[in-house]
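Below you'll find the structure, written out as structure tokens, and then a few comments.
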């Protein structure tokens, strides 16, 4: 299934967001996720079903002012 | 003692974490500044990477409180979602709300800012809005539930220092009970002292420290200047006068001629 | 480390002793300022009185070095004789040389100042001339043997702060190796930080501390601001720029639309 | 003999500056003296002969800026 | 040539009609200023009175174009209704839109301002919005259909002159094609020259002229300064430089020693 | 009416003749400025050349009064001899006395200046001394026989405008009856208006006009601004105030709610 | 009938706005009128019926900045 | 005879300043002259005798600020 992950099109097998993170090796413990412009809490990822064309954002802490 | 949303802080300085020559220097600068609050952002992680983890564990080791920002957001929607992701990730309801309205000045879009502030306070956030020196905007932000304001004094990273002391003085005077943190535009310790002397409660720094020749020494210098301005405001300063007045007593002066 | 005529001083602040609410507050202010040098004057004693003794023993108990002044002198003759009497009394060859040229501005008479400076250095004094921000006058004073300069930044006691940053910057730049103490006109800690950031070596304060609501707290505030400005000058400050520059990295910004 | 001491005319008996200080009860240990516009060091006072109309300045430490 | 909503005007100065010592002096001041546009307001008529008629016939006799204002309005509703009444009375679709947001600073409420501007432009008005120096607000006003902007440079009647040159320069630079009239806060002809040198298209004056010792002479002085600043902006001014440069040629200097 | 050493002049502007793109533009600029006085210098003629004649006949054809300068002189001797040669050549006893004390700032050497002024006034010259804003120096120059003063407001050719308004105001106030011409450092018409508003009697310009994009237009702009500032000073300007004051009357405001 | 005219309560006979102006001697030629917060154009006044408690604003040109 | 004229060494025949100007073709009507740092008025040039090594300055009007 094709998804847009952090702006890049990826072909993935995972059907749930937590699985997607594993499949794409987002192994950081400190991630925030959004699906199609809506927040997905870390606790919600196992039940977060993905479908063709979904836009996924995976963010992490960075320097900021 | 600085109190922000019920949290008491010993230092009147908040520090940004970007643009330092190295993580080690960032950590030393945080220490030298004596700050109790550091700002961070959220950015895309790269697949297979864990740079976020490394940065995050570094910051946490400093023991300071985290103030996530919504830097780079240009709409209410972006800002609100970024705030929500930050809360989920950092487990804090504090958010430095930035909604940029102009690419050149990086100034806030006060319309989107007030709307986003309302949405976020309704959602339980404790909002730190990056705003202008506009009184009426300040009133709207307070009306939207903000209990802290963060007016700019000059464009972000410009190091120009306070460009409109009259507006800052007026803003301070109109809302004596709202903690106000001057955010953006400070370049030198004297700038920090100047705004603290006006009665502002704290300053938020990043570029002026991170890009200094010696960021650690500069962090310490800003800390001293901030405390100096704060103390001077409380101690009661001499008003400028147009005439000179001798300091040494005139009476008893010898006459030799 | 500040070095004045071979004497090393830890503090970059010199303090005047006039106009304090009480001797006790003066002593506390000296302590709070951390200064190593205090200025005093000579005035007529009253027959039967010993007020001079009381003041003098008080000052000596503070342990700071004494810098007598020639305040109130309007001619070379007055200034030179006052300096000689001060040396006989205080047993120091240091003298803060003031030759006032105008009653309203209390500014130095640069002509008499240079002449008196020559006479006194020839007589073995170590002269601290209270001067203007005039480069050419500074050159003459150095030629007359002065190894320290004390330019004003505004009229004495006016608390206006630096009125001509361009002239001060230029003065500082032309004589990089001469210790320069900004004397007279400072009103707020931010003023002190500002001149120290320009690279001046120290400041001399009196009215701004003595007449503050809380002189002791203000002395401490000025001390902090002075150190802050000094440290910032050495640490290398960001130059002001006309454009805004994001502090938070732009790369990796999320796109939510 | 009449002298002008710190601007005031005084009628005094003393002939030497140190005696003058005693006579006028300038008892401070910390004094600086000038006679007719010239310095008189503390050590020189015993030999400093006074004459009618002399102007004497007797100074002491005071607050200064 | 100044063009406002298609109307060409020879003078770059607009004049308010309030606070003059007498109607005669007002008329002379209008003449001396050379202005082509005068602002007026709407106020309650008293039963049996006709003061309005007298003032109105006076103004019409001056032959200048009328710009009615909504001074004193604090809400969109008040401003819109006042504008409609003005159009019915003065038979002009020009309106100086003021929506005051703060009693002390008399600054615009930028939120209500933008909304009122939209309502009025939709209703066919040619709106002259009295606004702040906020870029983003300017963008919204233009979006709302305003073809002219009237930023303040300091609080109304304060005579302080431009308090934030950086913001004015930036505002001017971002909207090069929008006629901008600096409204409120000017106190001296040099202030008018300063903003015109920045490239603003015109100024609107009232208090600085009406309350001057000699309003007629002051009106003339402002007119000259405005033209001077406008001409200088077009002629291309020398940039300030930090070093001195001899005006008289150095080559060929005699050597006498 | 400006009166300099008994000569009445209609214009409050004096113009330098150096650095223009062409002789034709110089002549037009003189005309556009309306000046009655132009400054010139003396330089070495080249054997076989007659460039001096050509320049001189050009200037004379403008009909303005000549004020020769001693530009480039660094000693009393050089300045006095140059003045004497100028008198012999131009048949005028007017001399703009410059004795430069520093190569970088091109500021006057006030010591040599006062001495040269005395020598020249004793020799029958009418001296226009280029001086600083130092009150005491001004007093000496007046004592030396100068009936006009020409204080700088910033380094020659720097175009920075008045760097120390406090000192200029004080200088003006102390010698109300001495014609004072602000010489050197002006860059924009607003600068000229500013110093004239302080009560100065005239300005002397060169670089700001000669190096402008359009020198002729700039000369005209400066003339207008100078007259504007002069008129404003006489008309009585509004003092800046910290609070806003409505211009439109508040009484009679409609109530629509 | 009682109206509020420019903030003052008035007892008037007129039923139409133009008549009201005449009755209250608002004789200026240059007036603008509003009824209960809505514009009433000069041309509309003859047909503008008034009722008890109406709020009438009658404005005229004044100095302005 | 060798002179220094406007900083340059010149070998000249003229014995008087006016003759020097002619010899060196300083033909301008508008010149000011100095000899060894002293003014020589135009009227004095015919009697102004020159000697070996004299320093002569010949100046003319120029642009000035």
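Letters A, B, C, D, E, F, G and H mark the chains in the order given here, with residues in each chain numbered from 1 onward.
In the analysis below, a contact is a pair of C-beta atoms (placed from the backbone, for glycine too) under 8 Å apart; a residue touches a chain by one contact, two chains touch by 3 or more.
Since this is a predicted model, take the numbers as computed values, not measurements.
If you take the chains that touch chain A and keep only those that also touch chain D, what is left?
B, C
Across the interfaces F-H and E-H, which one involves more C-beta pairs in contact?
Result of the comparison of F-H and E-H: F-H.
Need the CA-centroid distance for the pair chain C / chain D, whole Å please.
Result: the chain centres lie 33 Å from each other.
On a C-alpha centroid basis, what's the spacing between chain A and chain F, in Å?
72
How many Å are there between the centre of chain A and the centre of chain G, using C-alpha atoms for each centre?
67
Would you mind listing the residues of chain G that make contact with two or more other chains?
6-7, 34, 37, 57, 59, 62-65
Where does chain F touch two or more other chains at once, residue-wise?
16, 18-19, 41-44, 69, 71, 77, 81, 104-105, 107, 156, 160, 166, 206-207, 242, 246-249, 252, 254, 256-257
Quick one: which chain pairs are touching?
Between chains, contact exists in these pairs: A-B, A-C, B-C, B-D, B-E, C-D, C-F, E-F, E-G, E-H, F-G, F-H.
Under the definition above, what is the set of chain E residues touching chain H in their complex?
Chain E residues touching chain H: 246-249, 252, 254-257.
Which residues of chain B touch chain A once you look at their complex with the stated criterion?
Those in contact with chain A are residues 16-20, 26, 39-53, 55-56, 59, 68-69, 71, 77, 81, 84-86, 88-90, 156, 206-207.
Report the residues of chain G in contact with chain E in the complex, numbered from low to high.
So the residues of chain G touching chain E come out as 5-7, 24-34, 37-39, 41-42, 57-65.
For the complex, give me every residue of chain F touching chain E.
Touch list, chain F to chain E: 16, 18-19, 41-44, 69, 71-72, 75, 77-78, 81-82, 104-107, 155-161, 187-191, 193-194, 197, 206-208, 210-215, 217-218, 220-225, 227-229, 231-232, 234-254, 256-257.
Where on chain A is chain C touching in the complex?
It is residues 6-7, 34, 37, 57, 59, 62-65 of chain A that touch chain C.
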